[in-house]
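In the two assemblies presented below, chain A is common to both, partnered first by chain B and then by chain C.
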Partner chain A sequence: MSATLDQPDSTTTTLVSKGAFDLDWRRVFNTGGLLALGLCFISLAGMPIGLNGRKLIEPVLSLGYLSLLWLPLVIGWTVGNQTVLEGMAATKRGPRDIVAGAAVGLIGGAGLALLILLVNNFDLRDPLVNWSPQLLEVLEFDAGDKVGRTGFGIGLWLIASTTLAAFGASLHLMPNNIRKAVIAATLTVISFAVFETFVIDVVDFLDDLIYAKRGGLKVWSSIALGVIAFTASLSGAGRQVGAYKQAYQANTGPSKRTQTTTLVLVSVALLIVIPMITGKITQELFANIGIFLLLALGLNIVVGLAGILDLGYVAFFAVGGYTTAVLTSPNRGDSWPDWFPLMPWWGALPITIVVAGVVGLFIGAPVIRMRGDYLAIVTLGFGEIIRILFLSDWLGGYFNGAQGITNVPPADFGFMEVKGTDPRAVFYLVLVFAAISIYVSWRLERSRLGRAWMAIREDESVAEAMGINTVNMKLMAFVVGAILASFSGAIFAAKVGSIFPTSFLILISIIILVVVIVGGMGNIMGVIVGAVVLIGVLGGPKQPGLLAELGQYKLLIYGALLIWMMLQRPEGLVPNARRSRELHQDEFLQDAWLKGEVDTDDEDLPEGAQA
Partner chain B sequence: MTTAMRARGAGRTNVDRFLTLIRVTLVGLIVVGLLAFIAQQISPDNPFAKWTHDGEAANRLTWAQFRGLVVTGVSQGAMYGLIALGYSMVYGVLGFINFAHGEVFMVGAFTGFIMSNKLDEAGWWEGIAFIPAVILTVIMCTLVATATAVLMERVAYRPLRGSPRLIPLITSIGVSFFIQNVVILLFGPGAKSYPQPPAWLKEKHTFLEIEGSKIVVFVVAAVSMAGLWFLVERTKTGKAMRAVAEDKEIASLMGINVNRTIVTTFAVGGAMAGIAGILWGLVFKSVIATTGFLPGIKAFTAAVVGGVGNLGGAMAGGLSLGSAEALAPLTLLEPLGVSGVSQLRDAVAFVLLILVLLFKPTGLFGERLSSDDRA
Partner chain C sequence: MNHRMLDIQNLSVTFGGLDALKDLNFHVDEGEIVGVIGPNGAGKTTFFNMISGMVSPSSGDILFEGESMVGLDPNQVTERGISRTFQNVRLFANMTILENVMVAQHCRTKQGIFGSLMNTAGFRNEEREIREHAEKVLGFFGTRLTGYRLEQPAAVLSYANRRRLEIARAMATKPRLLLLDEPVAGMNPKESAELTELIGKLRTEWGFTIVMIEHDMNVVRDVSDRVVCLDHGETLAQGSFEEVSNNPDVIEAYLGRPLEKRA
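And then the complex of A and B:
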């Protein structure tokens, strides 16, 4: 990380002051053009129309407008970013930053204004589906009569874009604590608005108190929330939490074990209690997060620990689901012999695990020696082959082709029946399996096997030279990953009550990959965070998240997130320390060199070199 | 790589034995299938055919059907080959699989849809005006696809140069996903139909009875291939591309602008994919945002079959993949008594990929990789 510093260290860096209008115009125009393009694209993709129904702050802000307004803010912030290299001259912060932000915002707003004019005067609805009067209505704020409103819309967008970008840029000028407080306030208000269903589900009385009847926060309550968050942040609440965290991380003594146990026990207790007091929607959400978390934990072992990019991971999910369905449902295909048993869900589970493991071996063995990128495509091919086979007429006698296997009975445990209509039971079952998976991943990571996987990930040839049987170890990763995915498939079968080939598209592999990568490859905590944030807020391929309105835009966001993460933060939100050092080795070396701490031995990087 | 492994392990491991088992089984199945096909062609009610078809006689494939399958397969294969060229070139130069290359092809097909519909409204998509209209469409598709590929390189791949190999691959998956959804959101999720082409494109011509549209495919593919060959083998740009593929550092020491050459590679690959896109549109007459996915993967398969980095190999791989995909269901699987064989077409391509990687990982014509890959 070449250090992006806001207050550059004055001992090594000289500051140059420049006049307020002495801007890097080329950069301003480029960024402004980018902003304009972004705004026009979001408009033409139909986000403002499609998301307008979801109110965030009634009646001021809807998700549709937020989909446009965040962009100038963020771009305004980035235009003020400076890459300050140690020993190089940097520009002093000042009004110049705000002017640059405003200029960028103005150009962006002008782009959107141009779009409004074009939509008003030309008809391109033929290829572009969102080139429509509805778009105009939203962009012109649905204000008054036809004549005046275009001007009104254009003017308002110009002002809004300029102000927001200038505000974004001005964040750089604020003292650190104020900036943190402003960000905290904004995030709090938006989170409360986004998590509306969840908040109401947990704390019922807040519904009438802070939320409006038609959804969204009331204006005064959003202001109140913002002020509370602002003062809380200023008074140092965040610092307090950070101090606890640091103390926990710094603790290496024997009391750390007790602290960890307490933390885990408290979170498990919370997870057991929360679904009891919430409504169906939250329970369903938790259950979905859990199912995807199970998948992501498995993929984390394959991709994150062993470094094998398995794009056909959904195949194991499918195998788990289909095996369970075949073993439990009376509606399975007719070709199964009569002696083939029907059994309860928990009886089928061991068989499902064995089948998934064997399929993992079968798929793994031919691909394990291929180069990493070939392996990715071949596993993708296997994922497709398995889906095609389940869908085909050829095996239709066994798996019913496109009709799928219906009537999968609930998983009956005597005291609890796990079925789709009872998401809470599903969640508890998922919780048990997630706990098992997390424990297994955690122990594996620190085992001989786990270390072998990481060695393979870092350098296969060296690992082999060190005496690791790379083929067997990689196969093990495949099998463990397959088994974890089959848990998820088995629960999915019981939850949905029917299994169709269309439930197992390659899309799922990719979404799980995004979850693992955004969270942080090779880090269990990261995977959990990734699953909660992505599946919880955006939702799975067919399962709605908290922003259920996102619908068709969800996949676009997943794609954009994946690209952005790979470019900016390939180690994920919650990085694995070792993995991130692997990814940024050059930069660590460079930083160390600049600080004059360079060692002849690459391996001996100073710990403090993490910028 | 495999030889090194074999040299290392004097004793064969279980994985080796298992792989041998898979190889033997696959070859056995292919041989039995072919024999069964020949037997079925000679006498449809031979005992084996009766056994595999539950006591009924098999269907003999007529000459006309067979010819139809070959023509379809080869024309489809020519398109796979055109797309495969892009994979191959980028792999040769940068050493990573541009997973999003299939989307460049899809963007080409989409541009073709928009252009052809606009030209159709203007009355150009029929009669003699059809020829300039098609040429115009091909040029537009090429331009848009090239722009997409170049933009992709600039935004997503250039910042990642020199990072671990899987990072650009994962990014390209993201790019692919992103472009697909951009197209869905901008143009709607449904299938888009091309306008009806003039009659001679639908009629069958020559003694081989090839549909006009497929003749267009062959001609355009041959011309593009020749153009590409000329570019790579006979021009300075091509020489630079080959040099960069061989060794980036030495090439830059020789005064070659490596960055620009990489962009050119993406552009040329994108142009080929764009041409494949409009051809796809002319043959199948419809396009949807997910059109790029399967042909993209199959084209990658074709590139591997022919040997990655080998341009002639990519085309040959495409043609063989297309033919295998068209022929295998009816000449291998059907005689073995598999029902609903047409559904298994896509699986054939992937099995072929696995076969090639199991038997000859360097492809039929050998890989041409840069020095850091060979190490």
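And then the complex of A and C:
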């Protein structure tokens, strides 16, 4: 997809050798400075202290140290990145890369060393909360009161940072398969350590086998895991999967339909079976992922397909939740007339859908005539207005203001009762609605409406000139999105059993938007991956993910991730082909040109011409 | 042949203090090809924007088949049967060539959410018809826009092919009146000669009435029944190509006044 290749494999590229110290020093200093800033920032944000209690590899490594140590490794790798263009000269890989990495690491380590010295000698605790003896203790490797502990800490950081960055850079020198194996081994060990609760929840007996008593992998088991992953990768386990994937993608014949159906059926079967064999923690996690996935799928239609940047999407989540609560809970406000019915959850669902659709229409009608940034700001406002209405005294008789509506009964289906204490049932219900949402997105994208939305996203004025009623079409996307969000709200009400205005903060809108963007806007698979990765690992605004320890740093990581994605991969983890073309149009055209696909001559194509 | 299709009466538009169009009277009969010429800034594109509803006039009226188009949204104008192309080609660059033409049939089709979700027989039939019509329209330009190109994004097309696709997209809205804004701009002589021929066919084979802004006088001469010259928002001359091209005012607007006449 890109015209640049990291590994020069083209015959038109010439390789130039350079001496080991013939570096682009400017770049080295810039990157090193960046590393130093990053390390100091993470330290002062308090991550090493806050996360030190969580052991990853007992007793060697804690999450706190990992929060610092990953940085030199990654930055060491990036400093060796070079853009190799077709037909241009490139520098040959060699010791030079390692020297650059080591230099960057040394500068970064020096930055952290400077921080240690400063914390030792000055007191800036007033503005910087984490400028504390605790930070010093962690940074000096718990050396206690020993003489020379500062020197010990500084020295160790210099060595660690330099070594890791040099190692990161040296990944460039390794043959492809070795590099993949090394990365696989590292990631496996870290995943097993980080996702300890999850692993134990799924496979109980591993607890005593590979994990230490007080948490964290045992040293020998981490080595074993690394070795297993390394050999598995070398022996080509990944390649087999890759080959299947390629064969599936290359298949355009009629058998693709059967393959897709099988794939979907197998995934659904797995999703039904897995929660049966896992513990509560995993089920709860699945349920949370599902609720946010539902929201993200709805927002994906609004933002990803129709290009309407809706920052107040949480409003429809709230409407769904409150409507269900009002219709099912005896504890709803006192002002409702007596004839106003109380009904079971499934009876309330159709009404919830209608109400959400109508609210979507009412909010959408004035908003939708605006374009771009204006629209985003107004939707942001409406998102807050809805929440404040639920909170207000004015409607207090109906929605109980800040007290919220409690005692929302579980959704009773006879064979299954969906309630908070049974996350598995919640997950199954979510699964049904996620399937509906996915089907809706999938059908709409490939219909007359989907095409009209795409055209509006590309160029609204031209779409209008080509006969598309842009206002109606955008409104339709808005309402479909509102209805999908209300599903999620209805399930949320039954799951939590009570509904408060604080459950619907604007933060939810933002988090869902991040899920959609990071996953891959406009791509259903991308949205699923985004929800699993972000909500599953980091957690929702209030719901813990696998890394529950991150707690207060969750939003920091969300923000950092979003920025990184925007810089490096704006199309998302699983990109929509069309969207990535939009974002990388120059490169795409270059590629098409290299492959001879761009039409340069205007002669009629010869009969039967194929690309 | 003399049925009056488009009738523009005393049309004016001002942008701030600038009179982009002043008291313009203009008509198009059914089956005509009218060429609109004039120096840069004469108001030709504003004229098109006004007919297609993208700009509303300050005064005057636009009658299409006896119905006023003033105050209608662009999509409503397109629905009534007027379609246009843009001077600075504005395709949906990331949609495929086929989709570009399919989406233009939006106002001629009606399947909504229900049909799409249920995949009803009506939905499938309509999708098939949309696709067939799109392929038919694209086929009008030979094999350039068909075959494997159907599934390629519009962005990979050459400049001339983008212009062709724009025309195809406008044709797909099933208009009666086609407004072409500089259809051969940027094409080489061979290509523009070919397109000139196609524009003629648009009338004979597809039955479109055409108003065309064009700077290439060969093209204007070859296809236009009638030529209108605009300058500073006013009609300078109307009539056959010969009449207009020999009109001293027109020559002056393009070339300036001869030296000895200057005061």
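Definition applied: the second predicted complex is superposed on the first by the 581 of 611 C-alpha atoms of A that agree within 3 Å, B and C clash if a C-alpha of one lies under 4 Å from a C-alpha of the other, contacts with A are read in each partner's own complex, and residues count from 1 in each chain.
We take it that a residue touches a chain if its C-beta (ideal position, glycine included) is under 8 Å from a C-beta of that chain, and two chains touch if they have at least 3 such contacts.
Note that the coordinates shown come from a computational prediction; the quantities given were computed from them, not determined experimentally.
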Winner by number of chain A residues touched, once chain B and chain C are compared: B
Touching partner for A:365 - first (chain B), second (chain C), both, neither: first
Chain B versus chain C as contact partner of A:513, first or second or both or neither: first
Which of chain B and chain C A:100 touches, first, second, both or neither: neither
Which superposed partner A:443 touches (first chain B, second chain C, both, neither): second
First (chain B), second (chain C), both or neither touched by A:480: second
Which of chain B and chain C A:454 touches, first, second, both or neither: second
First (chain B), second (chain C), both or neither touched by A:51: neither
First (chain B), second (chain C), both or neither touched by A:425: neither
First (chain B), second (chain C), both or neither touched by A:538: neither
Common ground on chain A, meaning residues reached by chain C in one complex and by chain B in the other: 582
Residues on chain B engaged by chain A in the complex (per definition of touch): 1-2, 5, 13, 15, 18-19, 22, 96-97, 99, 114, 117-118, 156, 159-160, 162-171, 173-182, 184-189, 293, 297, 300-301, 304, 338-341, 343-344, 346-347, 349-351, 353-354, 357-358, 361
Chain A to chain B touching residues, read off their complex: 41, 44-47, 126-130, 307, 309, 311, 365-374, 376-378, 380-382, 384-385, 388-389, 391-394, 396, 471-472, 475, 506, 510, 513-514, 517, 552-553, 555-556, 558-563, 566-567, 570, 582-583, 586
Of all residues in chain C, those that touch chain A in their complex: 52-54, 73-75, 78-79, 83-84, 86, 90, 92-95, 99, 102-104, 106-109, 111-113, 115-117, 119, 123, 126-127, 130, 142-144, 147-149, 152-153, 155-158, 160-161, 169-170, 173, 191
Complex contacts: residues of chain A adjacent to chain C: 439-440, 443-444, 446-452, 454-455, 458-459, 461-470, 476, 480, 578-579, 581-582, 585, 588-589, 592, 597-602, 604-605, 607, 609-611
